[in-house]
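Take a look at these structures.
Each of the two complexes below includes chain A, the first together with chain B, the second together with chain C.
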Partner chain A sequence: MTEELRVAVDRKANGAVLYTKGYINNVGGEEIANRAYELMDDNVRTLLLNLRDTKIVNSIGISILIEIIEKMIDKGGSIAFCCLTPVIHKTFQIMGLANYAKIFDSEDTALKELGL
Partner chain B sequence: MTSTAERQMELTLPMVADIEIAAARAAGNLARELGMSSEKIDEMTHAIIEACINAREHSGCEDNRIYLRFVGTSQGDGSRIDVWITDHGRGFDPDEARSRRPAVGATHKRGRGLQLIEAHMDEVSISTSSGGGTTIHMVKYEKKNHD
Partner chain C sequence: MSPLVNQFAEFLHDLQQLERAALSSHGSLIFDAFAKYTPYDVSAVYLRDVRGLALRLAAKSDACLAPEVLEGEIESASPTLDPEPRHLIPIRTIRDHFGLVALNGDAASEEDLQMLHAAGAFAGSVLNNHRLAQEMREGDFQLKYRLWELESLYDIGLSIAGTLNIDALADEILFRMISLINARRAALFLRDGDKFRVYRSFGDTRSDFLDDEITDRVVAAGEALTFEDASECIFPGCIATVAVPIKGNNAVIGVLAAGDRETREGDVGAFEANELRLLSLFANQVAIALENARLHKEALEKQAMQRELDLAATIQRDILPKSIPTVEGIELAALARPAKQVGGDYHAFFQREGTLTTIVADVSGKSMPAALLVSAFHAAVQLLFAEGRELGDIATELNRHIHSWSAENKFITMIMITIDPEAETIQFVNAGHNPCYVLTANHMEQLRSHGLPIGILGTSKYMTQTRPFAAGSAVVLYSDGINEAENIGGDEWGNEAFEELLVRSAGNTAVGLRDAIAAAVDAFVGEAPQKDDQTLVIARSAS
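This part shows the complex of A and B:
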């Protein structure tokens, strides 16, 4: 049984939006990390992860998201999330992501607040 | 409180990648049959996923199996689902597992599954012993005030 995650990238003038679709587990988390690190290497310093098509995350996937946030903070940038399901929002709060990354209800609000 | 209906399901699953999704879907289907809300179901399925991952990643069991039992009960004031997830592995220390804090800046970022399980379920009890395996029993209520 596989639950492959797909990631799409939309480059913006001042950053990028990553759209995820599917299960964020260890494999899915690594896929997000690969795309995020490519963008960081390309001097992107503001990254928005839109999780509208992700309904399940696990703690391993979240640990990888934390690593991505750490790397972005080290580079002086920031990562934000939007369009989380209630249970994923709750999970992010439990895991402490909400302390290091902004969370928005909608992409429009996020884009405006982040200046993307 | 009068129990009006009970549904049961037992599964034995191999410890392979993403098998936790099969367990979560089975429990989710049972919960939907009971009329449980999507938010409660999502919380329960995330807890089941973490319990199965813990069994697969940390139990070190020789039979390479996860044993699951779901019991759904419709009651006069709502419904409840009892979930038992068992492995025949080495056991673990729940207090040590609860003490982990994989946040930004921490050296170890993994190992917060138990906290998630306890946050997403209404009741959680753990039976574990060194070399004697582990059973996590967790309960989700449709109504928080069930008494």
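This part shows the complex of A and C:
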């Protein structure tokens, strides 16, 4: 297992999908934030985070994700998550992320619902 | 009238944006608002550091030479700027001071000065709201985080206690622990003899084994310990490490270690009391889960062993003769009683040109290895007899074959006899087996071993021995499960009792002799469990 988080971006016609692989902690969260803010600066307003290859997220990573969500909401956009492990899904619900971001079981469903 | 008065509403509106803006942009927002709506040159904006009392430079004009930090309290701060500021407008509420704006240019009228101070107070009020909102959000986050910690501990108990696969369990343990205490690295060490070996790690560990000194300290403490002084002993490059023993029923069965706790500020630091408490609680759950997994693994191994024993028993059952052959002039009886744990007794019969050959053999070892060797022995015996070879030649070839095929410590004791009723002779080869008994009307002779057991030495050669075997004589072949049968006290039935019985029962039929021996053995053994295979083959020549 590795400590580093890798992020891949797939630009879509109406937004983008970010694929994360690894630990969403302070460093990993910042990496996601940097990519997300670049996309927001590029007028992306619908962002889907696919966490299928992420098994761990800590509280700092969660707080960074919340900041990203708030920033996107400020810009009038929306962020959604898909393919969460049961543990991360429950974590997001308890920490309140589910109140501000939609969560989908699969990427296909998310893309369809978000119109990406 | 000053333009400040005309645009005061817009001025305040711009300052109000501070409430929603990020902390890092507050300085430039204030600077821009004062530059846009006042007739004065803005030299610099200083704002209080969120974590301290110091005033830090937040924005400045190109012309201003301003130090990064202003020393002293805000009330008395009189910054030495170049150019020297004509006006210092505090950004404050009645209770708190948030910073100040340094202005240059013409002297402000009394009216403008009041407006500037009012704007400063308004900005202070907005910053105060911003700070309160931040604190509320932080408080909300912490509340939810504590709830998440409790839920996690509860979930961990359920989740890992329900995971019986130790590999999946190890991953689950590491993931949960890392999340729970915001660690960057983690490792699960499990006991391996006197040491603790890395079973799973997240990130590199210094060594495959836990450092002896760390081990001693953790085991002695019995609870979570931090190692700021010797952090690198577990994770290379870590500045803080925590380790907690996993206490099983009777001993420490493992150690959980984590390195470098992340902080909200973006760096790493030491683990605090709350993390140590959580980790100790977590280690208790892990101990239960690991014990469950160990018991489950042992149960599976027992099942696998039983399946192996069943299979070995089947192999051996299938190899042994299903019935006693009918041979003219010879009465035969046999007994094969496998012990509960499959051993390696073997017997077989062959007929050739009016003669009868029988073998009794005992393979060293138990269970599947013994059953497989019996199987190989059986195949070779069948082949060699089919080739029509004589006993000594068969034994020599069997020895060469088994020696090259089997493991070094495996061997077979074997006795082969051939009875020729017409010639009234008995031929035999005894390769390290118990002597067999030849019974005549008034005499008992032992056919003793005259060679090493089969498989010991590849170059061994065996010669066929011949003795007279008068009509009415009987021969008794057996395995050591007969004469060494033990009673509940651990005493052996013994050769003496065996021979006395043979002398007493010498006139019996083959079947009668077999039954008498079996009954005597059973009577001696009583309720004691059968320890070894018991094999008897008795052949009596017709009178």
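The rule is simple: the second predicted complex is superposed on the first by the 114 of 116 C-alpha atoms of A that agree within 3 Å, B and C clash if a C-alpha of one lies under 4 Å from a C-alpha of the other, contacts with A are read in each partner's own complex, and residues count from 1 in each chain.
The rule is short, and it goes like this: a residue touches a chain if its C-beta (ideal position, glycine included) is under 8 Å from a C-beta of that chain, and two chains touch if they have at least 3 such contacts.
Keep in mind the model is a prediction, meaning the values are calculated, not measured.
Q: Looking at A:V87 after the superposition, I want to know if it touches chain B, chain C, both of them or none. Which is it: first, second, both, neither?
A: both
Q: For chain A, which side has the bigger count of touched residues, chain B or chain C?
A: Comparing chain B with chain C, the partner touching more chain A residues is B.
Q: Is A:I60 touching the first partner chain B, the second partner chain C, both, or neither of them?
A: both
Q: Of the two partner chains, chain B (first) and chain C (second), which one does A:Y100 touch, if any: first, second, both, or neither?
A: Touch status of A:Y100: first partner only.
Q: Of the two partner chains, chain B (first) and chain C (second), which one does A:A8 touch, if any: first, second, both, or neither?
A: neither
Q: Looking at A:D74, would you say it contacts chain B, chain C, both, or neither? Reply first, second, both or neither.
A: Only chain C; A:D74 stays clear of chain B.
Q: Could you give the residue numbers on chain A that contact chain B in one complex and chain C in the other?
A: Common interface on chain A, chain B vs chain C: 1-3, 23, 25, 55-60, 63, 66, 87, 90-91, 94-96.
Q: If you look only at chain A, which of its residues touch chain C in the complex?
A: 1-3, 23, 25-26, 30, 55-60, 63, 66, 74, 87, 90-91, 94-96
Q: Under the definition above, what is the set of chain C residues touching chain A in their complex?
A: Listed in rising order, the residues of chain C that touch chain A are 20, 140-141, 144-145, 147-148, 151-152, 155, 159, 171, 174-176, 178-179, 182-185, 200-203, 262-264, 266.
Q: In the complex of these two chains, what residues of chain A are touching chain B?
A: 1-3, 23, 25, 27, 55-60, 62-63, 66-67, 69-70, 73, 85-87, 90-91, 94-96, 99-100
Q: Considering only the defined contacts, which chain B positions touch chain A in the complex?
A: Residues 16-22, 24, 39, 42-43, 45-46, 49-50, 53, 101-105, 109-113, 115-116, 119-120 of chain B touch chain A in their complex.
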